[in-house]
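After this come two complexes, each holding chain A, first together with chain B and then together with chain C.
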Partner chain A sequence: MAGDSSMSKGLQGFIDSQMRLWWWKVLCVACLAFATIGGMLLPVPRLNILNETIRNLYYHVPMWITMMMLYMAGFAYSIIYLRTGKLKDDIFAYQLTATGIAFSVFGMITGMEWAKYTWGEAWSNDPKQLGTALSMLIYFAYLVLRNGMKDEEKRAKISAVYNIFAFALLIPLIWILPRMVDSLHPGNGGNPAFKSYDRDFSMTIVLYPAFIGWILMGFWIASICIRTNMVRYKQENRYQYDIEKNSANA
Partner chain B sequence: MRKTAAVTLLLSLFIVLNARANDADMADVMRSNGKIYVVVIVLATIFAGIITFLVRLERKITRLEKKS
Partner chain C sequence: MANNLMVLVRKDMLMEWRQKHTLYGVGLYVASTVFAIYMMSGQPEAKQWNALFWLTQLFVAVNAVAKSFLQEHPNRFRYYFTLVKPTTFLMAKMIYSSSLMLVMSLISLMLYSILLGWPLEQGGLFILISLVGSISLSAVFTFLSAIAARAQQNSALMAILGFPLVTPVLMILSNLSLKAISPVYQPGWWVLAIVLLALDLLVIILGVALFPFLWQE
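Take a look at the complex of A and B:
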């Protein structure tokens, strides 16, 4: 128990101390500038059917990676909230997850646009498409669930529990089930989606900066949402906020 | 000067070798006549705009946090 709470304090302390700093935002911009421009200009493998659209890999896949990272952080904060009961942690969990949902929408739309021109149909009931569609519905329900409750404590507690179950379902729906059957996605029936291009160094040097840049961008946007809501929470619940702050210092 | 020449040579060699390896349709014409840079400049403009927006938002929130 003691070990767990010090671990969550370490994570929170790290995030609190880094959230307002600039270095990772500069890194984000540098990585993204390289990935966006290099993604258009640097050489790519010449493949039939995909042709030049292979470059979509630099923009479509990072959306899902970013979504995953944001969901993971939101999941961690939901657990932290259930342990501490502080509404500050609920704000973190909610804003991280909500930003993740936005990225899942981007990933789905870009995927469908890409699929229309390479697989022939925007929606072809590919197992990965079905899995992500299901997980998106589960996370949309999280938003509906939150907005359906007025009492802050109750909303925070129920949505934290729901978020933990949603994340637990996300793993089989996205990472396990689609890999057990044949898929139109690369590396069908087993391999991770982008591993098949890993041998091609010309793609790797753009793809990995793109991952880092987009993940940091996701956290940047989420941090702005979190801070906005923290200011609002501070103003609306001055008394509650002071209690939580004092108990954190104690 | 020699460095850029070497890099250009290597890059063109790479492209030529790739072109020989496979004859899949690529936007080679768009690249050779430089129109790809039109796309790149549009992307760069949108990107710069979004980053400026985010940085301004960040500064505004920092001011708000100090006030509250």
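Take a look at the complex of A and C:
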């Protein structure tokens, strides 16, 4: 395991060193400002039924990609935690996953809003919606499991194990389930997905900055949560340390 | 290791045999569940029959498999820890709970045939699918009951963790068993069956890889 930990150390070292820097936050704000304003104002292809709702692509798809990135990072940190056993890595894993859960809620809301205008109703038992609802339930269960435990070490270990188990099962299930039933969702059963709009330069020019901007925004939020919790963790441990020292003196 | 495995499985079965009340308890749970379904739905159509059967299997799995880790005192795990490797222990529990679940699914199938009718064209195929299904359900729930036991929670937590994870497995199982109900041509049947087996394998591999971490204090 020594060889693997050097790789994970390299990754962690990189993340630790970049977390406090400003360059990617400026990039994030610039991308999001462009994607938000451009997403509203720049021309889009005129398509039947979709019409102006196609602009939802700039907000809905980045939410899912950001969620996936955050879940993957949380998954990676859960593995790192099981390797190292440092509570710092548990804070990373939990905060990244929790931010991912918030983004899954945003993705669901933007998707349902869009479905209301194009499919006629916000919830139509589409397999994509069902798969998403399942993954949301899985991660809400993660929150329930985690918050039910008081002991820090134990909580960290058990929630890391569940996170790895759930994420590794979730990926094949998300791929299988939508293929078992016909879907209305763009990209399924002959419905056009955003790949077919890629040829349209006016959409690509907004979509890719939106991806970069929202992914960076997700990691920015997560990094703020991580840093506040790190401060809290250090303070709490110092308090414990002081008590131990005083009782030893007395 | 194989020797240890068999000893552990035999120990669990022996305990089950000596404390017959828990075994009868699960059997009674199956019987009353099927009876409650019968009271409400009578003899349903084949498709509803199939859906109700798999729902029953889900609830029976939660109750039968919960016993594997949750019924033992946490302190006794420390004793097992000194005796065997964690993976052996998990495998033993998985074998034990799958065999318990196999018996329970056969019992529920029998009760279904008595109370809710037998709308099956290929009974043998359905029995085979329900046996594979009970192994997949018990493999997932054994691992989750280990998590719930380590978190010092009850089987409610196991259900919360498990239901979203096994819903797709249940969907695959009920789609597979449609072939046994009506002789309709299903193009992707073998692919679906292979996917189910691959998922089972994945659950077992994940369980074996992760259980040692769960085990240590």
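Following the convention adopted for this analysis, the second predicted complex is superposed on the first by the 226 of 250 C-alpha atoms of A that agree within 3 Å, B and C clash if a C-alpha of one lies under 4 Å from a C-alpha of the other, contacts with A are read in each partner's own complex, and residues count from 1 in each chain.
Rule of thumb we're sticking to: a residue touches a chain if its C-beta (ideal position, glycine included) is under 8 Å from a C-beta of that chain, and two chains touch if they have at least 3 such contacts.
On a predicted model such as this, the values are computed, not experimentally measured, just so you know.
After overlaying the two complexes on the shared chain, residue contacts for A:P172 are found with chain C alone; chain B is out of touch. By the touch criterion defined above, A:I109 lies against neither chain B nor chain C after alignment on the C-alpha atoms of chain A.
In the superposition on chain A, A:V26 contacts neither chain B nor chain C.
Of the two partner chains placed by the overlay, only chain B lies in contact with A:I37; chain C stays clear of it.
Residue ranges on chain B touching chain A, taken from their complex, read 11, 14-15, 18-19, 21-27, 36, 39-40, 43-44, 47, 51, 54-55, 57-58, 61-62, 64-65, 68.
Within the complex, the chain C residues that touch chain A are 143, 147, 150-153, 157, 160-161, 163-165, 167-168, 171-172, 175, 192, 195, 198-199, 202-203, 206-207, 210, 213-214, 216. By the touch criterion given at the top, residues 20, 25, 29, 32-33, 36-37, 40-41, 43, 45-48, 51-52, 202, 220-221, 224, 227-228, 230-231, 234-235 of chain A touch chain B in their complex. Residues 82, 134-135, 137-138, 141, 144-145, 148-149, 154, 157-158, 160-162, 164-166, 168-169, 172-173, 176-177, 180 of chain A are the ones touching chain C in the complex.
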